[in-house]
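First subunit A sits with subunit B, and in the next complex the same chain sits with subunit C.
And then the complex of A and B:
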């Protein structure tokens, strides 16, 4: 690690990381806001992004009220989900772990399902179009927090991360069953509203919501950064980490908290975005062969942002007035990526230094 | 002897008719063979009836979406008069005195025909708006049969109605097979597959067959039809053709009624320029918000904003709605004037049987000078 050759690769990596990756994200961001259902010529687009006017007055609104908030949401969500995935894969040393193994999505879906489907049971207070976006966010975070607390309770009792993984999956199944019961009794409109939520959505955030969303994501990211050292140690095994003087239990809890904050808030604002969390860490490792989190961390985050921007651009079906659900696109892109990696590497557990 | 031969000829021809009807390959031949005794069906294309001594033979041509075979029902008014050749067809004794319906859209037909007191059970009765039925539910005269998509079969058997009037969206017959197995007659009402508002309302004549109320149904429908055509003509005679959009955003999609949807047909009859009229979809289409905004930012009317009650609440959910001119001019309407506290919406119930009122509402909104003094019935203007 301290040989000249290694440090050379590392500096090369750094150049790639700190120049190429942000550049890529920037280009994809611009591509994303320049493509959509409505065709806006590039010159007008540049004008508008620089604060000017377009040929048509509606274009200013389309760019500033629709496309830029959506692209920013994609960057934040992609960044956050990818890092959550990386943290979970490191904690569990399992290539198939993602941000949602702790039952966070199922918790959030439980909250949303309760709001939109059991609303009429609770007393007819909530009709489906009266579900404001803030209420939806609250319900999703509430549900996610509920399941997360249960997982935390279990995690303080057990020493082994694998047991925690199983517990998270079990909580997920249980909440899924409750949602299933609610779906069974729901009316067609309620069911539809819930299904739409599960499609995921990047375009629903207004500037106001985006402010709150970015604050939560930044807090989550800050937590993730402070956990750099324990994660690097954890990669080599819990016992090794302990021998390095890393407080395993405490680190584990903080990793869980930061992941829940990221994945929970993203699910609350954008719905359950599939696959980015699992696929991106693998994709990144394929591009830059390192398991050092100092490098991996920003790389994974930026790749996540880039991937979600690409997926969203595809989902917009540029030029047509129709769009695809973001989740369908992320899964369609994500699944081949994983298969490709497995075929190429034969064995992805190598990436975990274990 | 002669009369016996005549009988045989009669049954033989009947056999041809019926076997022709039952053979899906001969569906076109069916239409030729079935003597249309009920020539007063003017708009509905989904059912027909033939009268025979002692019974009526009813055909539902498309009992569910994309059904390949017709469904036949034999409505028997006097016992013992059914020829052997029709033995395969399910028999329903009429007039029906105890009925279970499974769709709120069946209820207004019962109400209009004044046979609502025959209703003994209903799934998800909470969604019913009809005051008559609400009253019956409160007095425990209508049994709650579980939820819509999973009728409680035991409760139904216990209730043992004379007829279950159901519907099937997909052709999944599991529930109806169970009902049939238990010896309870059922009939599939496919009113929702009609292509015009008047065609759908004309199914009052179908429901009437089970109660021997054909005459009443005819006169009620004639009145509805006359009012509808009168309103349509008045609207078409105006020069003003305001632009209209409908629907609302859920998630990333604006759910806009397609160009062949019910909403689009009503907008056309009300002489409005629905901006997505050229689309060919019968259901709703999922559009991106920005494409709707681009095409419709200066739209004059926004009619059908789900069940929002005020423009303020619309904007609080998505401030981008405020970019539409219709919203800035307070020209947003939706069909939630008659929503009951239990959650049901009469627009989706009575509105099916009363297209004349729906059209008058729309004409009143779009061409207020025509129906002076008329007060909106299903629609309401959103509060600021």
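And then the complex of A and C:
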């Protein structure tokens, strides 16, 4: 009967999930570190990544101090953004929800804007030639945490998730407005510094920073994984979920905490990265036709990592000296992807309420 | 009636029992009581239809009984245990629900959907045991949805989806199933099918099945008990037939132009009396059509009609003051009557 058939499709899916998807990410990872403004032959590249030496001593530096941290950042950020997008889409049963609907990114930008544009008022904290990257991370985290606290305050008071969606959007607008006012009064240098941050950047993380970043991401991902069951139950709505013994309020709060942790830390370390969180869950659902989070979870994460690696490869414009802002590239890639899916699937909201 | 129902009620321990229960909402700190002093019992193996006009508080009571909403006053005992002392996780192992407003999780397959019923029994890793698989298979077979398993939820019709939701509730395998208008928005065939399914489930699985419904005639014919909620919040209960004969149902629904005891819409005769003879369904439906058109049926009339089979053909012999004519449909019979009078 059905168990046979179901397990057949399940096993096919497992092959895809545990073989093809990771393989794709690995290939894209290698492609990503092999391309760049400096050409390094493949044989040297493999040699260097395996701990050996290349033809030129600078190559070792380029690969280990720049390219590999950047590619790792892309993998972690892609994984985290895609999964927090998936969580928000399920919680709010809204195909347009993403990691940033809670206003976390706006909070991070508020923190950075305060540091960059209002910092000089506080007492010449900043010298414009180079803001310490740790300081930026701290400011962004602080801002994200501020908005996160407000969201949590609201979420313990409310009964349904839709109210939270509206509240999140309002927080986003309000913090955006405050940043706007700061920009109005800022000097040209301050403005430029802030603008550069909003472009987003996957590079520039030192191994030290990468260590902290990956610990935070892994904690966030672990939370996301433990929330599979409530998210699946939530597909039927909150009342059904409760009747199945799911503690709704607690689950909702942990979904918010894990999303904030992921989205907040990614924005803090890489700046805002648009569209990955919204587009990847849809893209994944198109490839593996299911809403079951147990299958979606690894698939969405790996697709997110793959997409961000592709975007980063495009951003560094192989063979040229220029690096495009990653935030612009993800939007340029993400928007057509979403339109294509809408046209192909006819009705994107079928995933939530057919 | 009371002594009878008490005897049968005492035969088993109730799976749900309430004492002096008040149900309602807390709106901005203030209690809004909708139902007061409700004392009811729910027993294994019985189908109970819960009826009452819109807005009388049926859903509120169902949600309170199933633990989705907290009682404002009084006690609810589930398997003899006070509901506030049982975790929502444990309640889920006793009570499963089917709700009116369904959110269709489009991309979930029917099989996955039924498996959701096993969630109270699995850890966060969602690994199903042999027992879980067996229960799901059993629920699928019992509710007759094996042919739907490879569909996605959004491909199902309303009736099919409701059956899948019943299978999901069945897979949850508690002693109690609570359904809030499971046959709203369904066509007659599906409504009958769902009611029959629920009755069979109650009788064959020994679960207590409680459902809110507006389908009076279906409820009367399928349920073991009726709960009736009047507009002013009075709850009366009993076997359906007892409730009909005692007039309790008429009181609650305040029927206009419907005679519950005969199951007919009232009609006032404004034409002649007709002497009708015949038997079985053909007699009944002929009588229906005549009464609907204002004739009355009785002896000693000028016109007589005989319904019978002649040469294997259903025939109406209309005798109008000695003149006899045969026709082969009710429509022809009625037009004959109209032309002759």
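Note that the second predicted complex is superposed on the first by the 347 of 354 C-alpha atoms of A that agree within 3 Å, B and C clash if a C-alpha of one lies under 4 Å from a C-alpha of the other, contacts with A are read in each partner's own complex, and residues count from 1 in each chain.
The criterion applied here is as follows: a contact is a pair of C-beta atoms (placed from the backbone, for glycine too) under 8 Å apart; a residue touches a chain by one contact, two chains touch by 3 or more.
All values reported here derive from a predicted model rather than from experimental measurement.
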item: Touched partner set for A:237, first subunit B, second subunit C, both or neither; value: second
item: First, second, both or neither for A:163, with subunit B first and subunit C second; value: neither
item: Partner chain(s) touched by A:246 [first = subunit B, second = subunit C, both, neither]; value: second
item: Which of subunit B and subunit C A:206 touches, first, second, both or neither; value: first
item: First, second, both or neither for A:149, with subunit B first and subunit C second; value: neither
item: First (subunit B), second (subunit C), both or neither touched by A:93; value: second
item: Partner chain in contact with A:36 - subunit B first, subunit C second, else both or neither; value: first
item: Set of subunit A residues, in rising order, touched by both subunit B and subunit C; value: none
item: Touch list for subunit C against partner subunit A, complex; value: 63, 66-68, 87-93, 95-97, 99, 101-109, 111-113, 116-117, 119-120, 122-126, 133, 137, 140, 146, 149-150, 152-154, 172
item: Touching residues (chain side subunit B, partner subunit A) in the complex; value: 124, 127, 147-150, 248-253, 285-295, 297, 305-308, 313, 316-320, 323, 341-343
item: Residues of subunit A that touch subunit C when the two form their complex; value: 1-3, 5-6, 93, 226-229, 232-233, 235-237, 239-240, 242-247, 285, 289-292, 294, 349-354
item: List of subunit A residues in touch with subunit B within their complex; value: 36-38, 58, 61-62, 65-67, 120, 124, 127-130, 132-133, 184-185, 187, 192-193, 196-197, 199-204, 206, 208, 271, 316, 321-323, 325-326
